[in-house]
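Structure first, commentary second.
Here the chain labels run A, B, C, D, E, F, G and H in written order, and each chain numbers its own residues starting at 1.
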Amino acid sequence: MNSEIRRTLEAVRAGSLSVDEALLQIKEQPFVDIGYAKVDLHRKVRQGAAEVIYGAGKTPEQIVGILNVLQEQGAGTILVTRLSSEAADFVQKYHALDYHKGARIGILGPLPSPDGLGNIVIATGGTSDIPVAEEAALTAEALGNRVVRLYDVGVSGIHRTLAHMDEIMNATVIVAVAGMEGALPSVIGGLADCPVIAVPTSVGYGASFQGLAALLSMLNSCASGVSVVNIDNGFGAGYLASMINHVAAKGEEKL
Amino acid sequence: MNSEIRRTLEAVRAGSLSVDEALLQIKEQPFVDIGYAKVDLHRKVRQGAAEVIYGAGKTPEQIVGILNVLQEQGAGTILVTRLSSEAADFVQKYHALDYHKGARIGILGPLPSPDGLGNIVIATGGTSDIPVAEEAALTAEALGNRVVRLYDVGVSGIHRTLAHMDEIMNATVIVAVAGMEGALPSVIGGLADCPVIAVPTSVGYGASFQGLAALLSMLNSCASGVSVVNIDNGFGAGYLASMINHVAAKGEEKL
Amino acid sequence: MNSEIRRTLEAVRAGSLSVDEALLQIKEQPFVDIGYAKVDLHRKVRQGAAEVIYGAGKTPEQIVGILNVLQEQGAGTILVTRLSSEAADFVQKYHALDYHKGARIGILGPLPSPDGLGNIVIATGGTSDIPVAEEAALTAEALGNRVVRLYDVGVSGIHRTLAHMDEIMNATVIVAVAGMEGALPSVIGGLADCPVIAVPTSVGYGASFQGLAALLSMLNSCASGVSVVNIDNGFGAGYLASMINHVAAKGEEKL
Amino acid sequence: MNSEIRRTLEAVRAGSLSVDEALLQIKEQPFVDIGYAKVDLHRKVRQGAAEVIYGAGKTPEQIVGILNVLQEQGAGTILVTRLSSEAADFVQKYHALDYHKGARIGILGPLPSPDGLGNIVIATGGTSDIPVAEEAALTAEALGNRVVRLYDVGVSGIHRTLAHMDEIMNATVIVAVAGMEGALPSVIGGLADCPVIAVPTSVGYGASFQGLAALLSMLNSCASGVSVVNIDNGFGAGYLASMINHVAAKGEEKL
Amino acid sequence: MNSEIRRTLEAVRAGSLSVDEALLQIKEQPFVDIGYAKVDLHRKVRQGAAEVIYGAGKTPEQIVGILNVLQEQGAGTILVTRLSSEAADFVQKYHALDYHKGARIGILGPLPSPDGLGNIVIATGGTSDIPVAEEAALTAEALGNRVVRLYDVGVSGIHRTLAHMDEIMNATVIVAVAGMEGALPSVIGGLADCPVIAVPTSVGYGASFQGLAALLSMLNSCASGVSVVNIDNGFGAGYLASMINHVAAKGEEKL
Amino acid sequence: MNSEIRRTLEAVRAGSLSVDEALLQIKEQPFVDIGYAKVDLHRKVRQGAAEVIYGAGKTPEQIVGILNVLQEQGAGTILVTRLSSEAADFVQKYHALDYHKGARIGILGPLPSPDGLGNIVIATGGTSDIPVAEEAALTAEALGNRVVRLYDVGVSGIHRTLAHMDEIMNATVIVAVAGMEGALPSVIGGLADCPVIAVPTSVGYGASFQGLAALLSMLNSCASGVSVVNIDNGFGAGYLASMINHVAAKGEEKL
Amino acid sequence: MNSEIRRTLEAVRAGSLSVDEALLQIKEQPFVDIGYAKVDLHRKVRQGAAEVIYGAGKTPEQIVGILNVLQEQGAGTILVTRLSSEAADFVQKYHALDYHKGARIGILGPLPSPDGLGNIVIATGGTSDIPVAEEAALTAEALGNRVVRLYDVGVSGIHRTLAHMDEIMNATVIVAVAGMEGALPSVIGGLADCPVIAVPTSVGYGASFQGLAALLSMLNSCASGVSVVNIDNGFGAGYLASMINHVAAKGEEKL
Amino acid sequence: MNSEIRRTLEAVRAGSLSVDEALLQIKEQPFVDIGYAKVDLHRKVRQGAAEVIYGAGKTPEQIVGILNVLQEQGAGTILVTRLSSEAADFVQKYHALDYHKGARIGILGPLPSPDGLGNIVIATGGTSDIPVAEEAALTAEALGNRVVRLYDVGVSGIHRTLAHMDEIMNATVIVAVAGMEGALPSVIGGLADCPVIAVPTSVGYGASFQGLAALLSMLNSCASGVSVVNIDNGFGAGYLASMINHVAAKGEEKL
């Protein structure tokens, strides 16, 4: 934003922009206000990748409205997360949305070619964690990453984890998705040399307290290089993994 | 207790015991009341092993008083758990207590020869868990068990755990002690065929919430055969491990 | 696993196995990967008893798929836990599943003859705890144990508990199932000489917080020999009870 | 208060009291304001028994100040609860306080003769619960009750509880004090026909969470007639027990 | 129970009862075992008042079965608590149950005449607390008590509380029912001289956490004479209130 | 209330009111008792603005009943909060209620003209927080305030917040509504000079724990001038904002 | 801030300020960076009242450093909150700080004359709440307000609260400080017509959980016009009360 | 580890290694067992950077012992975290440890030259968060990174944050350290394009619950690219930031 302010200030100095216009411009430029939402036009400029709409708590009508604005602004790929089947049905009347039911994600527009540094490995402790993992995987793919899926490799059958040493050792970043005791990130974090993003899931019952057990377990991981996102937040993990996988590219851009 | 009631009833029937005496006997026999405590004389009879005094919340004077009663009643080995250094110093003026500072355990009398079925393996995730593990180990030894100690084999360096496959595979029962994320019992439970007693410790900080994270993690273990005792409850784990290691012996006794 | 690695290494040494084949074998042997699940073939070899599928979070189709693999591999008895009525109806189209509605357990194949050391007593505090107790009981029976059921013997009518002193004193291991204040394991643990596995249930309301009160109560039991599994985890308790009831048998096998 | 308002109103009507005086009287009569405290003069009138000062959070100087006011107003027995040894030393320079260290209670003035309906039984689960129980017992005695103490009768040795059936069956009201799993009130509540006041204590460690486990356990008691006071609130339990033990007397007074 | 044991022992001594018969008698007498429940026959003898069935977690068929046993045993009034409308419909096919929908209570048999010492006042903070209050009121009435209902007298309009000073001052025992901030028992406890039973309700939203806020508030009441039962536990409060209201009667019985 | 008591007392003194009548008057005047509710007639007198009915936990019939009483008493605008669509449909058969579905508020009677000191700004972090914000906005409008709505100005796009500096700087009081991390009040509190009322919402998932995360965040705000109401309590925030916006007016009234 | 940006922009346009200088100015003006702290110079300008330093977590040396900067900038009254006795001793070597031990507040410079609209009433439930109340009172006085102190007027002796109806009815804003059950704000909120700021304190024990009980109670207050600040946050309450008491003045300034 | 197993297997095949030796080698190579700890020799090989000892829960003697082993094995830079002043004093008798008191970190050996991709920005909300931030900063520097410190830029004075747009926009990765409401990562996450590692601190009081409020706030951040580590875990954040800052370098190594 800083550089934009500088540019505006320089225009003011050059006399090509009045003070009031400048003030207005600073205020109104970075988003479109459609009443119930300020549609952010920032990310597209900065990331060159997919736009994201968080679907929960929005009516299908609102989602269509936001999609309209984004498409008018020339957005490429658009991701709609936390989208129910019913809302997806409604949206599909207006937009050619590709809907993934388990992951509750809708994708509008073509997937970009992978341009990240390496592979993002996405691993789950069990079969029930797959929907959250898919949310992460699809997000990462929509943001231009190669994804390797390792599902049902939980630590209570450690040989299942160890059978994938190659993928784990060669990843640029790993997303470890687990419910119940949430031990997967600790074991993977001890095996890998790369950042591990831990995603607790609400899979479990009783003293799992809807994912709290896994969340606390992951926050206390004694493996280095592990950080945690919210319970069931597959999107957040996939987005962050993509950021890390593009760190180098960004570095180069700056030169 | 049932058989004792039967014996009392038969003595009443035979006329060798009055009704009032019988009533008294049923009430007063199984413990000695010394005001601040009912000293239980039951366990010695049943287990043939060590008596146990829970030291926390008792004054040194009270502990000495209970020791006096137990010795008068002919107790062999006596364990005093949760005993502070200061209290141990006081007790040692009256009894030849062998005090283990880290584990906060005092032992009075000779250790019995191991007579359990096999080995009890006691493993810890880290160095800081050793005091709790030693409480379990000394308890198990005082109750007649062979103990194998595997310390600092936490899951974030899984090769350290796997290096002890022999001991893990050959154990009769395993006590897995861990703080922080508490993942050790899940990994060991997946490797072993025997009961695993999980002991969460208060080792950690922040979101470990004094052992809550490890406790929840262990309760949610997806490995079968794992059960959990209270945070830092090394004694309880050692006692239960001994029970399991003597299950067969007890079975034979009954024949 | 250790002995398998040794055997593989010896085959390599003898030249009957190439290095690459050995590496492959170590990785792929212990499970069959069917995409959404790694079907574990380990337990059958080790336990000689029932295979177990955790039904929660799996689609009926996935359960049928896993059953197919297990039967191809020659599994004897197979237990499907946390199986809804609806899922059971679907599975029964493909497999002759014996479904127990209250316990939400499906059993495929014949029950084995009891070969454990003694009796497993399963007690409940109230009538509402019976479904969880039945999950434990059926699991234990499917794993080759004699089970004695003592239902509705809660501690607020202590005479109901004491009326079963014979069964309690003669058990090899006891599973104590209770909701609300969860005091049953403490009372039974004080009466019995054998391991007591405490199962908190979500029975109760208000400050029971879905079983948390019973869970905390059981973790703090002042009776020795008590350990705890997750809230409503009847399966885990039955499985562990079976392990303990077979400890001696296993000991003998090793000689 | 109602009858006092009526009396005041009648005096106004009779002209013996001006409106402003009446208003003043309603406001200022029931307590003496000494700046940091409004010393309540109500209870003495209503109960005819001991005055109570809650010592925690008050400076020794403030306690002496309140004692001065109460004695000037002619209070008989005065109880100071939650009084530290240091504060007691200070107070004893000014008042002939009888200080009970374990219970942290100071008593000023003579104990009244018991005038309640029957006996108040005060039972504890263990030795460590005695200080809280003594707070209850001394409070009850200072309020005119006969107290029967049953200490260390915890439920993990149920024979110790049953040995006191006589006292339990004959009590007018029972105070059951316990830490750890807090099961004592449930067992006693099932045996007795009278109200049981449950007092959770902070005795325990780990998942007792400073008495939370016992508190939740007691709130969920499946025995009827059990109610609960705050953790370690011996005073509250003793005060309520006295109220119940004087219910009949009060009833008669009204006739 | 003690006196029954004594009688049995005397019969044994007199030779009119064999030892085995005595043992049997001690075990089997106090309840009827109908498989899924031990129907307790104790309370009737002891209380001379209503029997109680806790309906939650029992099938309608089980409730009918227990009612059958109780009626065969000659029970007078029977209370079924936590009974859903659906279950009540089913039960009414077999028994002439009087069902109270809001309070979810069914009553079988005639209400007894009030024989308690005085009035039980039942007060609520708001309109939404009435169902819980009615559970308490109907329970108390079924156990032989006169009940005075004071509904919607919450403390945020203190004049509504003060308008009922007469009823509050003249009660033998008060049940104070409140959700949200749960302040009613503190204010009433400060006004009244009698025991106050506080019942937190799950009325509220957000940070009321289903009644936790009210529960904690009540446990911390700075008014003396207040004790607390579980959230929404109207039955428990009504039962305990009845016990207190009959304390004197019981005392007289003993003479 | 004080002045009313004084007036009553003076009437008594003057002989124009008997003592009993006075007592009655004090008790019964400020509300109408319709059995299930004491309809408060106080606020109308004091505020001269809208009456409020809290709809949750009341049956539609009860709401109609209370509306009847209020209209008989001459209430102007009446607000019914937490009113479900179904209940609104029922009420609209009897009263010309203006129902706002998102905010779950029904308004009866005309909105008053704004007479507050300045503007109340109501801001939300996201689109999903709008229903709670509307509850606050409609409440404030019904109580005579000008409201400025700033929706979807969450802090993760700080330029969206900064774009509204004018409105924020010129507000008399601000209501900041946010779920998830609840950071909006801190940022706004740092920008504004006026009181900020923070309303946490239950918007979010996982570790938001139904608004707990936002609630704690707001309570810990390091911005001065921020206070917090219950989760989703739009009404409370709007009511308080109106009070603050009328503080000056009230001050003048008193002169 | 907006107006400052506008002024800067206008200077740029006029050519009196270069673009780079403008950018610098926007960044650096509003605070002085002294390494460990950015000393904010904003509030003085905006409020014309006291500067505030939050003392907790700062070394005495850092506090002196910040005081130096503020005095150099010409600050009038400066408040240092959460200041320990030891730190105050150190600071007093360099600055003529007036230290209030109970409230842990230091004040530098003269107190301003009260210029608020009316009185701020500060009430406490008990004697132990006074330190927090004093923190609020001194803060409010340092910010130019008249404060009325009503201490020890807790709701369990409601006559003590009612005795101060005059002060409560005439307040512009009330700060209600209470620990334990935290009911004071609800009762006062029901009596008063003005905003009530509730301050939970950590006074209490057991299930007060360091103020959590009072906090939840206050958040759930059914009285309208109540909002809540953090536990023990006397400063925050005093600051907000001052803001409300100056709302009118501010309104006039804007004209 | 995989490649090492392969090398071992090939040696076995070649006959240069016996089966038993191979087995031994796999087990014992990656760490040195010194009784109380398995000193891991893995990381040095893999990272080429600093070794790390977690100091908490280890005696000074144990730390010296581990340092001895690491130095014998040729470690370069060694970091000792969570090291108390007292332990540092002891260690400094044996090793030339550079001790940083605030951050509780000791560094042995020379700091490496920065070889990461770009800058790691470490920002704090307040002055009290600096010790945790320094733990992160020193860790990152010891692992070969350039660190930019932005301290006391909390969101309640948003201009302080915005004043550092340049540093924020140009970072490769940002560590955002904050206590109290923990809003800093959300605001920074919305401004920056790079990964943000959020570190909640235990700075705060009351409802901050030792960092829980900040932790929950950060987990619920609505800014994308934010992940969280344990409360006060500066080391973990610094380590992960270094990993991300070296992702590209690692990628290149693999080519």
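Just so it is clear, a residue touches a chain if its C-beta (ideal position, glycine included) is under 8 Å from a C-beta of that chain, and two chains touch if they have at least 3 such contacts.
Worth saying up front: this structure is predicted, and the values here are computed from it rather than measured.
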item	value
Joint neighbours of chain D and chain B, given as chain labels	C, E
Chains in simultaneous contact with chain C and chain H	A, B
Recurring contact interface, reference B-D, options B-C, C-H or B-H [over half identical by residue number]	B-H
Chain centre separation (chain G, chain H; CA means) in Å	38
CA centroid of chain A to CA centroid of chain D, Å	59
Chain D and chain H: spacing of chain centres that average the CA atoms, whole Å	54
Where chain H touches two or more other chains at once, by residue number	1, 54, 126, 157, 162, 191, 206-208, 212, 215, 219-220, 222, 224, 230-231
Chains touching one another, given as label pairs in label order	A-B, A-C, A-F, A-G, A-H, B-C, B-D, B-E, B-H, C-D, C-E, C-H, D-E, D-F, D-G, E-F, E-G, F-G, F-H, G-H
Chain H to chain G touching residues, read off their complex	126-128, 130, 151-153, 157, 159-160, 162-164, 203, 205-208
In the complex, chain E residues that touch chain G	125-126, 154-158, 162, 180-183, 186-187, 189-191, 204, 206-209, 212-214, 216-224
Touch list for chain G against partner chain F, complex	1-2, 46-47, 52, 54, 117-118, 165-166, 169-170, 172-173, 191, 193-195, 197, 215, 219-220, 222, 224-231, 236-237, 239-240, 243-245, 247-248, 250-251, 254
Residues of chain F touching chain D in the complex	5-6, 9-10, 12-13, 15, 18-19, 22-23
Chain G contact footprint on chain D (complex, rising order)	1, 26-28, 30-31, 35-38, 40, 42, 54, 56-58, 62, 200, 202, 210-212, 215, 230-233
